[in-house]
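For clarity, chains are labelled A, B, C, D and E in written order, and residue numbers in each chain start from 1.
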């Protein structure tokens, strides 16, 4: 648990036992406090329950790893849950409890942006100096912006796939498409529910936030909308690539079968002719002709050429 | 019929004939009563109609096995229908009639969560001690949470299918996909209509429920939304798996046909050559050459090798 | 034209010329009248226009056979159009004109539920005794409930189809699917527009209906919603069955082609060998070997076995 | 430009120069005027701009051939744009400017319904006698009703197609489906935006229209909704027919390939046997058997029969 | 930075240092100013921040190249972002800051319409003479109208494709379809979010715009809606073309395979017969018949004719 207290304009890092005693003073003098809880244990729970007077349902939600994004207004605070990305790139739940003079953040995994901010006293002081909601905005902003490199990576892979799919048959492309669609679904699954939360933050004239800050949250909201737009777009493009893939596969089959057909239809008649003159009838006049063999070879060649031209004309060969 | 009466803080299990007489007292003193009706017969109907003064349409709905989820506000009570899962895992209708001081639950099959609660006097007393709606919340919560193990099971099966589909042709995968989609449709069919019911319970400042309890119902509502989200997600993934399956099937066909084509186009010319030298013409100069046979074998081998290389280059062999 | 007049609590069947004269009295004493018009001719039109003072547009709509479901509020009455099923099972337009003290029903074909009710004086008296809208509710309720046997029949056929589709190729299943989808579309086409009408009847505190009756119409509304839900569900299942059908067809093709490929690739080399030893070269050493013939037969057998094993391993045979 | 002036109940066809002078009197005495502009030139523009005081944007819209349907309320008039069908059956823009006492209609092509009405003085007088909006309603009603013969024609073609598709392969059916879908798209593209316009006319208690007329526009609105419903329905049916077509095509392929497979697998072994006994080995004992030839023919026949039965059993032949 | 100042009705092009000093006078006398910033550097930022008192978030947005379209109302101005097309035909962000008496436009690439307007003093004076929002409308109008030539070009390509797809197999058509869909997606991606912006401008009675101008913005809004309608329409048509393509490809395959099947099934039996009479059995009576050879040739011809007629009847040949 890391606690940052902007005591009359001076940033202090305090211990949580110390915080408990100072809370009445903080609330009286409207000093701003940010309590970050990178893990959620007994102490954290007690602090929330006893000293900040947080509703049991909120505490329960904070302690869980898998909540859906939500925004809930309680009497003395606003409870917001969003997704962030931990250092391994997995989505993880970020809890924000924002009251009149405090911001409490709870998460269950290491978040790079949180750690970076906590090492930057100047930044914290500046943000707390404006208000606790600017700390919240700063953290959310960084987390939402993490989507764009992921989307760009997907875009790159799609472009390569678009290229590959035109000449490659086999199951490679469809697996790739499936994999990318899966990624987009996962992203959408996590981003979509955040849209309405951020819309609420950017609109609602709620009592825990300064009117001035809604403009900032509108900005994050816009980013979320853009990310969702991109996802929808990419999914459509992937469907188009899938159509190309199926068409390429099916045209490839046609090509293979054309080769088979052309070869078979040319060689079957020739083989028949050869077989006929291989029959052992006693009376087969052609067999005794002097140039019979060469005439037949010529006839075979002629048939082959005619059929070839026929297929050539039909663009089969 | 099981009746639990929280008489001035003490839990009592009373007989329904006794309840009938005590009702005026209960209503006067605002004691809380939970009447559970695991079967719905003459007695139950009479109790509802005569003593609790329930509307005939509600009684009719309670007596039916197949109602859609609904929420209906009447003058003296709120009528809610949701789905639960009975001990065989089938969806079944759960009726809740919640008035100022009573909760009546009606269902037609054995529900594990109800039976468990009824054996736990302490729990009932605690819940009734807060209010009848907490009994309702407790039961609904358990029932809604039953969806998640089902969804996880489907998720597991999908993951196996994702693996299987890449190397298995035949109709197995498509049957599996159909089966899973069917399950998801059934789930959605039952869960979707509950969403708006629970939304109403978590929002509506209605007279039969304490404002404090809406936070709890919002929680169940959130779970329902998450379940529906998951279902939609899974359906999309199954569609992706289906695409993979069709691609794998169609590429497999291509592979088989390539083998056929390569074999045919290599052997047809060779057989023609052999047939030609099997002809019985009197004048076939090559037949008398000393090494004619070996030259022809050599020519055949050469043709075979050239064609093989040709197909190799086109990645058909 | 059949007229039922609940004159001070006694049901009377009156002639329409008699009704015309009694109307002022009826309206004055708020007796309830139900006028059923199973055909719509000159007399009926005159009655509506002159005596009940119905708007020309409503009369025009009543006289037409093909109106869309609608609800229109006029100054002195409410005009509702729904679909019913005639005795041949075809959808037909049902018109309801409900004023303060009268219900006029117009339809152009024989409706079983109407005929049954008109033969049951006790029932009519009971319903008119409550109010004219309960006659309307009674008729609508029966008509809406007719959808469910149809849906169940479709469900049965789908189940059989699910079974059939796994082993039957050919166009049979796809025709069946098309036929069932067509039926569902027709149902949806007729039921969907009724939903909002019934919603209006179950909500709207309009002046021609008692507040108490809206609960009853909400019940019919619920049935309509359930029917539409089922239709949507069935359509999804049919799409799933179609996927299975296409997969089965395409796997069957694969199987056929595998047989062709396996046979061809085994016999082509053998035939080549036989053809080679059928050549008439003068110098073919093997031909003079004592066991040449048997050696070659052995070689052929060996090749056949090896290739068979090869295909066996690739699961093609 | 054709001008119809209902001067104190008498219909007058006036010249536009005459109209300009009479306008103040018309407006003062609330006579009703219908100005039809079947072409839009300098005179028409001047009349609108100077004498009727129409907004420049409306005039610009009237002068254009390709506006989207719209309804715009200005200070002194309501501007409505819908689509009509000209005598060649092409969609064309119909402009309606309806003020307190006048209706101005502008279109750029010959519309049959307009011409017919303009030849029918009695009808115009009757309509203007009620109000200018009844002229508008009359024209719109005829135009909207033109959709239904088109839709019926499409329905007929679909029914024929449904029949044809079951036995016809080739690209004919898919072209027909494409063509019909294209037609439906064009219809929808033109009808869909009119829906909200007509909804506005049938609801809005706007100052330029009598309340009584909204019932009439609701009627046209209903027709539009029905047309759109039908279009949606037809598109679904066409998709179903497309599925049937693809299934028929693919089953036909299966049938063709089965014939190929059955023939090949029967004749390949027989040809091998014949080839074997065509080999020229010196020591082939069977060749000298007295009935060798007939035994071998018998063996061939046996193999052929066995294979045929085998395929018969698998329903391939 | 180009500054146009309509000083008491006379257009002046001023330098930005001069503007800074004149601003108080401008604001006092309600002169209209248009500041165009075709690039955004230090000076521009300072002007916005210090002299026009623009919110830091707006300045940040202006400085970025990739914002989503948006409309944001601030205390002293309205901030609008739309897309325009630069001279290379790429979408680029257009920023509009419109206050009581000024319009500031910021973009990062050369826009043809802006450059053209800035060279036309008369036009600027006329527009500024009406109000700054007419400058904004003029610029937006030209940019939105740029979509239609693009859409027409796509329409032309689709028509060619419709033609091509009926006789061309191979992957050409599907690539073309993919390419066109991609273009439509890009267009939609940029146009769709503008719709609501323009709707807001055409509705909202906001304080920075004259009521009279909303009619003009409604016009642009209509264009946007039409463009989106067209895009949706084109996408549907492309899907139809794709269906035709897949059908043509699949029917082509059928045709190729029919040729293969017909040839194989005709020649396989004939070759068998020839092979049979090529066997070397000592006792083959037919071989010694005088006309044996000709009888067999006749039998072969007969078989070939019969099979040909058989396939002819099945429409395979």
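As a convention for this text, a residue touches a chain if its C-beta (ideal position, glycine included) is under 8 Å from a C-beta of that chain, and two chains touch if they have at least 3 such contacts.
Here the structure is a predicted model, which means the values were calculated and not measured.
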{"item": "Chains contacting each of subunit C and subunit D, listed by label", "value": "none"}
{"item": "Inter-copy rotation, subunit C to subunit E, in degrees (Cα atoms; steps of 5)", "value": "145"}
{"item": "Centroid distance [mean C-alpha coordinates] between subunit B and subunit A, Å", "value": "25"}
{"item": "Geometric centre distance via CA averages, subunit C-subunit A, whole Å", "value": "40"}
{"item": "Residue list for subunit A, restricted to those that touch at least two other chains", "value": "246, 250, 253, 257, 260, 264, 268, 271, 275, 278-280, 284"}
{"item": "Subunit A to subunit B touching residues, read off their complex", "value": "55, 57, 67-68, 70, 72, 74, 169-171, 173-175, 177-178, 181-182, 185, 189, 193, 242, 245-246, 249-250, 252-253, 256-257, 259-260, 263-264, 267-268, 270-271, 274-275, 277-280, 284, 286-293, 296-297, 300"}
{"item": "Of all residues in subunit C, those that touch subunit B in their complex", "value": "166, 215-216, 218-219, 222, 225-226, 229, 233, 236-237, 240-241, 243-244, 246-248, 250-251, 253-254, 257-258, 260-261, 264-265, 268-269, 271-272, 275-276, 278-284, 316"}
